[in-house]
Amino acid sequence: MTALLEIQDVGVQFGGVRALTNVGFSVATGEFLSLIGPNGAGKTTLVRGITGVIRLQQGRIVFAGRDISAWPVHRRIRAGLAMTHQIVRPFHSMTVLDNVALPAGHENIGNVVKALLRLNRSPARKKALELLSLVEIVDVAHQSVRGLPLGVVKRLELARALALEPQLLLLDEPLAGLNSQEAARLADMITGINRQGVTIMMIEHNLGEVLRVSRRLVVLDNGRKIADGDPDTVMADPVVRSAYVGKEKQDAAP
Amino acid sequence: MVGINIILALSLNLITGFCGQISLGHAAFYGIGAYCTALLAKIGMPLPLTLLAGTILAGGVGLIVGLTSLRVRDDFLAITTMGVGFLFVGIVRQQDLLGGEMGISAIPSSGLGKIGFLLLVLVFVVLVTIWNLFVKKSWMGFAFDAVADDEDTARLLSVDVAAYKLAAFAMGTALAGLAGGLYVYFARFIVPDDFGFIMSISILSMVAVGGIGSVAGVLSATIILTLMPEFFRFVSDYKLLIYGALLFFVMRFAPGGMAGFVRRLFLSARSSSGAGP
Amino acid sequence: AADTIKIGFHAPQTGFAASDGKSATIGAELAVEQINAAGGVLDKKLELVVYDDQAKPAQAIPIANKLIGQDKVAVGISGSYSGATRSAAGVFQEAEIPYIAAYAIHPDITRAGNYVFRTSFLGEVEGRAGAKLVGDLLKKKKVVIITLQNDFGKSLAAGFKNAAKKFGVTVINEYQYSIKDRQFGAIVAKVKADKPEAIYASGYFFTAGPLVSQLRAAGVTVPVIGQEGYDSQNFIEIAGKASEGVIITTSLDRDSKVPETRDFITAFEKKAGFKVDMVAASGHTAVKVAAAAIAKAGSTDPAKIRDALAAIKLQVSTGTIQFNALGEVMKAVQVQVVKDGNWHHFAVIDDPDLLKPPAR
Amino acid sequence: MLHLEGLGCGYRDMQAVHDLDLNVEAGSITALLGANGAGKSSTLMCIAGHVEIKTGRIIYQKSDISDSTPMSRVRSGIAVVPEGRRLFPRLSVKENLVVGGYVRPKQRSDGGMAKVMDLFPRLKDRLGQTAGALSGGEQQMLAIGRALMSEPELLLVDELSLGLMPKMVDICYDAITALNRAGMTIILVEQNTHRALEAASQVCVLESGHAVWKGSAGEAAGNQEMINAFLGIR
Amino acid sequence: MTHRWRAVQTYPETIYSMLWFELLIQGIIHGSMYAIIAVGLSLVYGLLRILHVAHAGLFTLGGYLGLLLTNATGSLILATPVAAAVVGVIGMIIYRVCYHPILDQPPYVALIASIGLFIAMEEIYRLIFGPYGLSYARPPLQFQVQFFGIQLRAAEVGMVVVSTVLLTALSYLSQKTRLGIAWRATVDDPQMAASFGIDAVRVRYLNFFIGSALAAVGGIYVSLLSNLVEPTMGGVPSYKALAIIVLGGLGNLKGTLIAALLLGIVEAFGTIYIGQWLDRDAIAFALLIVILMIRPQGLFAGR
């Protein structure tokens, strides 16, 4: 397996706070990797560094063999990255459908001039509808986003990321706010996406689901990588257990 | 004048209405177009060339100012563009080449006669309106919506925010330049104050009263606001008062502008007939 | 066929220039009343058609079109600032209807064509008169210029500097301010350091009032020379004691013995309820001149009125009006000084060579 | 302590909750469960005074508070940890806590703050940081801490465990039960059914704005299948 | 400042340092005028995210009321608080009638409404008080004060003192006290602030009252400096103040104060040394643009 994403010696600092220190690992094509760690460990920061939303002070991000550290966000996305927000941010002025249709038609907006010449939005809307039914929120497609329950918006975020047809999908707590049944279904769906060849890196605190679906865990604590490997080994690591795992999951079998 | 104002308002609509970048200095580009056209016309260039040059120069400068919109946002941008407006007037005032305070007079006529010039303006109005509608319908308009709504998220959905903002600025300011060029042939005399802050504000008012982003709304608001002083001739003393009050009341009671108001009427009519969702 | 003769008049009634527009309008109305009371012109009454142009060029053009097309006026008069006047002048010229600028200053106004006249001084001319006043009458040689940044101030400054050398005056520094400024602390500080013998400051009463009082408050005691923009009782009210001794060049002589001027001053103050100013006199003058031209032409045929205007020689409230080939007025400059809270006669500058307006 | 009588509430043109009767005893923990969009958050925010009441009333400590403002409600001891945290993003962590304790005398503020720091030591190093720049979990901690600062008698918590790491979930639940034992009444909205049932004494399941099941936590635990069925339906 | 003063003392013949010192003082005077106007705008912006252009209309009204009351009673000491209070209340009414109903609209709505209101206000003043402007019958505070060898008018000194004291107090209030924190909480999320016992609406009324009263005080001092109150006197301060609050980092009181002084000083030196190329407004905005390009969030970003 080839490395799709290489995170090399990444460091991020906010003012005096060191959010990430010398973090490095690589993600192979087709992998399903979960990124876990205590609150404030730097997980979200890492994902935002990969997509370019924040600037790295140190280190490099190599994606599909190319160093993308200096690229602007949209270029990274076009190269095959996609990300969902931990704290949801839909376009409030658009309907649910259009929220997805925009990324679904991403080939139309790659170039400003081309964008001006393309008028037909229906293929993208059709694709968007399919995606909405995939994440099971097609019934609200024509509603405005305002006032939608959190669970729905979370799925919308996912559909939007999928619409970009990414090679690597970065998910920031996609299951938060869903009840156990719903979480399980969504996790299964994400697994399905992974099976279709999309590499997945997921941040999640729902350990049950994490251990059920992921094939590799990376653990951050205080901005440093403290463990990396297959779920069994990582969960057996006493450092991880004491830093992260609560009593309930102490004896949970993967 | 109505025609020129329509072009002007629609040009700002591209920037503010579609792309969400509030500009309080739009008159500067109107002025750049006007000055460029006027100078070239005075050295004897024919009308199509002068208009084109004015349009291009305004668009070019607009592109540069657009660059600032990449760095500053929202209210900061609004004030920065306002600053650009003041800077423009300030520079023109002191430039003898541009006529300074005296402005530029004795500009040759369009050579089309009154009717011919009117038709020319009309043709441009129609073209610009179509252009506006076209942009709105295209994927570019879609991307503008996204940028206007939340640029960080738009970026994460592969939108090249910088390029779209620049495109909006370039198009909008170029059209403002065109309007400026036409104004030159209309007035045949220009002074710096024609392109000051007051003008910027009245352009923005036209867009806002019409309903930001709505082409039809902006069109009708421009016509009304431009002709309004005529309606109120008989109360000459209260004219500005009424103008100000109108701006205020439209915003206060129909914040979506006229377009929003009409839409709301329409919606409530529909839902009261039971067909609403 | 109409039973009145219409005279078109546009002036700012609202907006920042409303105060001048108001005065000019009252002056013009007064002239019409006086003429009608005396039997009108060509046995018809005069009618003044007034529009508000907000001193905006873009407003003035449709107004000019309306005055010509809809109201069919015999003569157009501007009681407005240069921008609006210049753009309206083009329209009147094109329609070949005579047009008179009452107090707008821009040199290009009369260059719009042979149908356009001006009854007030060019800034250049008045500036030259200012130089003579400083160098010749007051015998001051080192001058600081404080220039209002608009066409009025700039052309005054240009005229002053042009003629300065001739009267042995050196300009040691020039500062500029905008029409919106009321606080001149920085300029005053610098002027104080410059130690001039006199100050030539262009402006209107609302800028000059604060300027003069701030100069005096900072201990600058040298003479301040102004122009017709100061010419208003408001200036004295604003500057208070500081206004004493300020000298201006203008076109209205308060202590004039000329009956036209005396009449006008008393009639105006009765009608308006406030003290006369230069702008009011200018509005009054323009209407009087127009009426006289119509009477002399013997008809409302525009070409005939134009010819009559070009050849006119008429004594009015602001002096004896005569036009040169370009349509610029040729008359004497009045010099007034503030004494005991009122404008008073100081001198007259009547030097045809110095005051010669450009002929093309 | 709190009685909802035929409560119906919602937004401009839609009703989110219908005819809800609920009795909350002083010193109890009530869990509100339900699928996405069932109306849990709406109910909570209605008690806090932010969602318009359409029918019915809210009785709190024997008085009808249906028409009172959110402000008077917090003075009478109701505090809320809202969905999505709703921190004051540009205030520092410390200032957020000060606002939390705004209705209590100033002198008590420091003591309250010390207690919150004990509960969430992570916040201690971040006192000066703006709340908007906190990580997701830190924000949740701050939201809870802020609500505690007002020394509430009735605490409304929406999605207690949202975004918290497992260990922190434990800490929070321990804290909640401790507070409860010290006399605080708590209404809990929770997706983590399992944890909620463990902590709660009373359970109410909502579905499309209607209460479809009510009972004690014991019954609910015994009836897990049925509860799950309710929650699974969409 | 003391430092400069020493320089002047040691080399009394160096005319330039004297001039510069004087320009600096003039800049500070001018800056404090901007500050006292801008701070009201800053308060409103901080609280409601509204660019409250009509604020300048209140400034003008303050000038009118102060002048009329002084002329009527002969006492500035009496006129100032009365005018400030009246204008403060009118500010509250403007909030209630104009802004309160459109708070949930995008910010440009309030901006345009505010501009409309401002135009209407200027016209109302013109219709009521006439277009010529008014002057004091016997302008108070015109006596001279010697300040390190510079002649200043009492009104100028008063302006600086009043605005520095008021603004410093206000800044302290907002940063350090519970009330200030509550105020800023309302800015971030009014609904949640209410949920913690802060009466958002009362905070806003207070806010408009203070801001408008300050504007009135500013208007009175400006009218003293130029002995002239005109319908249009609010125009320049309104957009300069907008520039200032942006420079200061929107909604930041300390930033507003410093930006105002900075702008005043730059303008003072600018009119003298580069007035030939750029007018005063252009100088101000050139400064604004340059600073924003370097610091897009203004001089004092964040809080």
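Here the chain labels run A, B, C, D and E in written order, and each chain numbers its own residues starting at 1.
Just so we're on the same page, a residue touches a chain if its C-beta (ideal position, glycine included) is under 8 Å from a C-beta of that chain, and two chains touch if they have at least 3 such contacts.
Nothing here was measured: the structure is a model prediction, and the numbers come from that model.
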Taking a step as a move to a touching chain, how many steps at least join chain B to chain D? 2
Go through D-E and A-D and name the pair with more C-beta contacts between its chains. A-D
Just how far, in Å, is the C-alpha centre of chain D from the one of chain A? 29
Where the centres are mean C-alpha positions, what is the separation of chain B from chain E, in Å? 31
Where the CA atoms of chain A average out and where those of chain B average out, how many Å apart are those spots? 41
Using Cα averages as centroids, what's the distance between chain C and chain D in whole Å? 76
Residues of chain C touching at least two other chains: 14, 149
Could you list which residues of chain E touch at least two other chains? 123, 276, 279, 281
Under the stated touch criterion, can you name all the chain pairs that qualify? A-B, A-D, B-C, B-E, C-E, D-E
Would you mind writing out the residues of chain D in touch with chain E in their complex? 48-50, 69-71, 74-75, 79-80, 82, 86-91, 95-96, 98-100, 102-103, 106, 130, 146, 150
Residues of chain E touching chain C in the complex: 15, 18-19, 22-23, 25-27, 29-30, 33, 123, 126, 130-133, 135, 139, 142, 144, 151, 153, 156, 222, 225-228, 230-233, 235-236, 267-269, 271-272, 275-276, 279-281
Show me the residue ranges of chain A that touch chain D in the complex, using the header's touch definition. 14, 17, 36-45, 86-87, 136, 147-152, 173, 176-183, 205, 207, 243-249
Can you list the residues on chain B that touch chain A in the complex? 134-135, 137-140, 142-143, 145-146, 148-150, 152-153, 155-164, 167, 277
Chain A-touching residues of chain D, taken from the complex the two chains share: 11, 33, 35-37, 41, 83-84, 122, 129, 133-138, 140-141, 159, 162-170, 191-195, 228, 231-232, 234
